[in-house]
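Look for chain A in each of the two complexes below; its partner is chain B in the first and chain C in the second.
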Partner chain A sequence: MNEDALAQCQNELSQEKKQFEEFIYLVSHDLNAPIRAISNLSVWIAEDLGNDIPADVKQHINLLQARTQLLERMLGAILTLSRVARTDLEIGYVELLPFLEKLSNPFRKEQVSVSIQIRSVVPGLITYYQKLQTVLSELITNAILHTDKEKVNIAVVVTQTGEFLKFEIIDNGPGLPADVSERIFSLFYTAKGKEGNQNIGAGLTIAKKIANFVGGQLAVDIPPEGLGCSFVLYWPRKEPEKV
Partner chain B sequence: MNEEKLINILLVEDDEVDIMNVQRAFRKNNINNPLFIARNGLEALEMLRGDKIPKPHVIILDINMPKMNGLEFLQEMRSDENLKRISVFVMTTSNEDSDKINAYNLNVAGYILKPLSFEKFISSMSTLNSYWKLCERPSL
Partner chain C sequence: MKIITKIYLSIGFILLVFVFVTVAYFIQSNKVDNAIDEVLLSTEIIQANSNLQKAVLDAQAGMRGYLLSGKENYVEPYYAGVAEYLIELNILRKLNQSKPANIGYLNQIDQQFNNWNDSIASPLIEAKRNVNAGPKAQQEYNRLYYKTYTREEGKTRIDRIRYFTDLIEKVETRNKKALVGKLKTSQNLTDLLSLGLTVLAVIIGIATALLLGKTIKKRILSMQKLASNLARGNFEMKLTDHDHDELSSLSADMNVMAQKLQNSFAHLKKMNQELDQFAYVVSHDLKAPLRAINNLAEWIDEDIGETTPEIRKNLSLMRGRVHRLENLINGILAYSRIGRTKIEQNTFDLRELLQEITESLAPLPNQKIIIPTEPLQIQTEKILLQQVLVNLISNGLKYNNKPNAEVSVSAELNGKNYLIRVADNGPGIPPEYHEKIFGVFQTIEARDTIESTGIGLAIVKKIIEEKHGAIRVDSEPGQGTTFSFTWPLSQPVVLAPI
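Now for the complex of A and B:
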C-alpha cells in the first residue's frame, strides 16, 4: 500500500471511530430517560402501596429497583467509555510522590485495613494528570475489591523503561488464574457475580481504554498461585500534544 | 397570618413521567405554587402570549423536546419584550457543555441535571423553592 492510500485509510478509520463514539454516547444518553422513569415509577408504587403489602411484592419491588440501578450504572460506564477521548484532557505537571500519596489517601481513610506503599525513582512528568489519576484509582479500587485478606497490602512502584514510565500495582489478594488475564478487561466482566454487588465490571475496561488512548499499555502479570496480582501500566513520558 | 405570595410556575416538559416527577416532588415539599404545563416550546409560547394562564414568574425548561426545543424556545422568549425577564431554570439530562453554554448565553437562572434518584430530586426542588421565595419580583 502506498503512503497516500495508507493516510486515507487512517483518516477514514479515525472518522469511523469518532462516529461510533458519538453513536454510543447518544444511545446511552437517550436510554437514561426511560430508565429514570422506571426507577421513579417503582419508588412511587412502593410509596403509594404503603407498608401493608405482601412480603413477596415488596421483594419484587426491591429487585426491580436494584436491577434498575444496575442498568443505570452500566449505562453510566458506557457513557464514560465513550467520552474517554473527549474528557479530562487537561495537561499538567505531576510530581509523582505527592500525587500518588494524595490519590491513595481516600482509600486509606475509607478502610483502615488498607495499606498502600509508594515508591518512585522518577520525580515527575507532564501529562494528562486527570487520566493518570483515574487509571491508578481504578487499579487500586480493583485490588481492594478483590482481596481475600483482612489486611490489604498494595504497592505502587514507579520505574522508567525507555519512552515509558512503568507503574506496577501489586496486591496481596488471591491473584488470577492465567485463563482470565485478557477477559478481566472486557466490559461488564466480573469475577464475582453482579448480584448484590456494587461492582459492575467496568473499571478495568475504562482504565485500559485510557491507557490505550494516551499511547500506553495496561496488562496484568500472572504471578504463581497465591501471590496476588500485579498490574503493569506503561505510561508515555513524552508530553502530550495539545489538541 | 403571614400570607405568602404564590409564585406561578410553568413547566415545559414533554415526558409524562418527568411531569409527574415534578408534581410529586412539589407535593412532598408542600409546595403549593400553581404549576402549569406545556409539552413543548411552541405550546409554551402560545400559553405565555395568550391569557389562559396567569403570567408565570418562573419557568422550568427541558431541552430535548419535539417541535420546538428548549434552547429555541429560550431564544424566542428572550427576544420578546413581554417575556424576556422571566426566570428560567433548565432541567435536563444533557450534560453537554455546548448545551450549558447556549443556555447560560440566554441568561438562564440555573442549569440543573435531572437527578437519577427521586430522593435527590425532592431535595433539589426544595432548594429551588427556597430560592424562588427569596427573590423579589416586580409587581407586574
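Now for the complex of A and C:
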C-alpha cells in the first residue's frame, strides 16, 4: 500500500502543480476579456464625448483609464508568473562581464544619474540566460525605482560559492525596514501606494519565482537603516537539463 | 546477524546434537556387542576350565580306584578322564587363542598332566596289572607306588594342575566382572550424555523459536503500526532498529518511504495552501482598482448629464463588464475560501433546505423545481450542501431551453453516503464537455449569451471533494442532464490549516 500511496501522493502533487498553473492562466485570461472590454469602452466613450467636456469628467475618464491599465498590468503580472516554468527556456553560454554590461546599458542611457558598477570573478556559465537576464533586470529596476538619491549607485558583484554563483546587487537607496524583508516578495506588495507610480509590486515576485524555478534562491540583506539594500541571488552553476 | 543465519545456526546445532547422540549410541552398541562376546568367551573358558579340572580329578580318581581294587572296570574312569582332558584342553586352547597368558598356563597344565600321566599314572596302572606276575613285578609296583604316594609326586603334579586351572578361572572371572562393570559405566555415561544433549537441543530449539518469534513479531508489529499510521496520514513515526538483518533493511526502506511521503505530503499541503492563498490575494488585490473603476464610471455617468444614447449604452455596457469582473473575482474568492474556514454541522431536513433554495431562486412561472416528498434528516455542514444544491439547481434552470423548465431533486441514503441527484430537462451536455464543465471558468456557450462566470461547478466539485464525496454527470444532447453526487454521512471536513 505504501508505494502506491507514495506514487499517488506524487501524482497528486504534480497534478496540483499543473492545476495551479492552469488555474492562474485561466484566471488571468478570463479576467482579461472584461478588462479589455472596459478599456475599449472607456476609449469609445472619451471619443464620443469629444473635447468640450467638463474638466472633472475628463479627469475621471483619465483616472478610469489609468485604473484599467493598472488592472491589465496586474493581470499581465499574474500571467507572467504562471508562465515562469514554460517560457524563456533557452539554454546558452553567458559570458558574465559583457552580459552584465549589455544588461545595464539601457538603464544607464535611460537615466543619466544611474551608475552601475560590475565586478565578476567568474568568467561565465551555461544556463537559462533569458531568465537570468529577467531576474537581474528586475533587481536593477527595483533599485532605481526605490532610490531616494539624486545619483543612483548600483554595484553588481558576482562571486562563486559551492554549487552556486552569488550575485549581489547593492544600491545606495533608503534600504528596507527588517519586518518587510519577506513581504516585498509577495505579489502586488508595494512599498508606496499603487496610485502614483507605475509599480504594481510584481517584479520581485517574478524574480523570486524564477530563482526558485532554476533551483536558486533570492533574498534581501537588510543593512542598517539608510545604507541601501543588498539583494543576494544564488544561481546554480550547473548546466540545466533540457526539458 | 541475519535472521536466516540465526535460524540455520540453531537448526544446524540441534541436528549436530542429534547426530552426536546417534553416533554415541552406535558406538556404545558396538562396544556392548564386543563386550558380550568377551563375557561369553570368559564364561565358556571358565566352563571348559572347570570341565578340564574335573577330567583331571576323574582320571586321578579312576587311577586310585584301580590301584585299590585292582579290578579292570575301575580303570574306566581313568581313561574317560584322560580322554575328557584332551577334549577340554583342545577346546580351551581354541578359546584362548587371543590370550597368550592363558595359553601359557594351559601349556604348564599340559606339561604337568603329561608328566603325571606318562611317568606316574600309566606306569602305575601297568605295574598294577602285572603285579601278580612275580615278585619282580610286585617290587616294581611298590617302587612306583612309593614314589607316587610316599614322595607325593603324583599329588604335586595334580596340585600344580589345579593351581593353574584355578589361576585361569580366577583371571577369567575377574575379566568377566571387569567387563560387565565397564559396560555398565559406559552405558550409564552414554545414557547421561544423550539425555543431556537431547535436553540441550530441545532447550535451544525452544529458545530460538521463542526469541526469534518474539523479536520478529515485535518488529513486524511496529512496521504494521507505521504502515497503518501512514495510511491514516500520520507521517511522523519512525522505526528504530539496531539489528542488522533482513528486517532492518525493510525498516530502513519503510522509514525512507515514510520520509518521502511526509515530504510529498508537506509539499502537497504547501502547494494547496499556496494556490488558495494566491487566489485569495490575487482576487483581493484586483478588487480595489475595480471598485475605483466602478465608482468612476458612476461619477462620469452622473456628471455628463444630457448625452447621446450611444454613450449611455457604452457606459452601461462598461458597468456590466465591471459587474462581471466582480462576479468572476468573487467566484475565485469563494473557490479559494472552500476548506479555509471551519463550518459548523447541523441536523436538518433536506426537504426544508430544498424549499428554502426554491424560494431564494424565485423560479419564473414556467420553471418548476421538484423536490422529494419524504423528509430526509441530514447531519452535515448545511451551508456547503446548500451551496452545492443552489449551484446545480440554478444551472439547471439557467441553461434550460424548454418552455416548461423542470429541475427535479432526489435523495436517498446509500450505505455511508447520501446519494443526491439533480436532474433537468434542459439541452443536455455533449460528452466531450463532461470533464471540462468542472474546471474553473468553463462554460459551454459563449459568455455573452448567458451571464455566467463558469465557476459554479468548479466550486461544487471542490466542495464535494473536500467532503470526500464524488460527482458525476450523465447527459446527452437533447436528453437533459443529471448530476449525481455522494455526500458522506456527517464526516467533518478536513481542514487545511491556514
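Methods note: the second predicted complex is superposed on the first by the 233 of 243 C-alpha atoms of A that agree within 3 Å, B and C clash if a C-alpha of one lies under 4 Å from a C-alpha of the other, contacts with A are read in each partner's own complex, and residues count from 1 in each chain.
Simple rule for what comes next: contacts are C-beta pairs under 8 Å (C-beta built on N, C-alpha and C of every residue); 3 or more make two chains touch, one makes a residue touch a chain.
Values in this document were obtained by computation on a predicted structure and should not be read as measured data.
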Partner chain(s) touched by A:186 [first = chain B, second = chain C, both, neither]: second
Which of chain B and chain C A:37 touches, first, second, both or neither: both
First (chain B), second (chain C), both or neither touched by A:108: neither
Which of chain B and chain C A:149 touches, first, second, both or neither: neither
Touched partner set for A:24, first chain B, second chain C, both or neither: second
Chain B versus chain C, judged by how many residues of chain A each one touches: C
Partner chain(s) touched by A:61 [first = chain B, second = chain C, both, neither]: second
Chain B and chain C footprints on chain A, overlapping residues: 33, 37, 41, 44
Complex interface listing, chain C residues touching chain A: 227, 230-231, 254, 257-258, 260-261, 264-265, 267-268, 271-272, 274-275, 278-279, 281-282, 285-286, 288-290, 292-293, 296-297, 299-300, 303-304, 307-308, 310-311, 314-315, 317-318, 321-322, 324-325, 328-329, 332, 439-441, 447, 454
Residue ranges of chain B touching chain A (in the complex, touch as defined): 15, 17-18, 20-21, 24, 93-95, 114, 116-118
Of all residues in chain A, those that touch chain C in their complex: 1-3, 5-6, 9-10, 12-13, 16-17, 19-20, 22-24, 26-27, 30-31, 33-35, 37-38, 41-42, 44-45, 48-49, 53-54, 56-57, 60-61, 63-64, 67-68, 70-71, 74-75, 78, 186-188, 194
Interfacial residue positions of chain A with respect to chain B in the complex: 29, 32-33, 36-37, 39-41, 43-44, 72
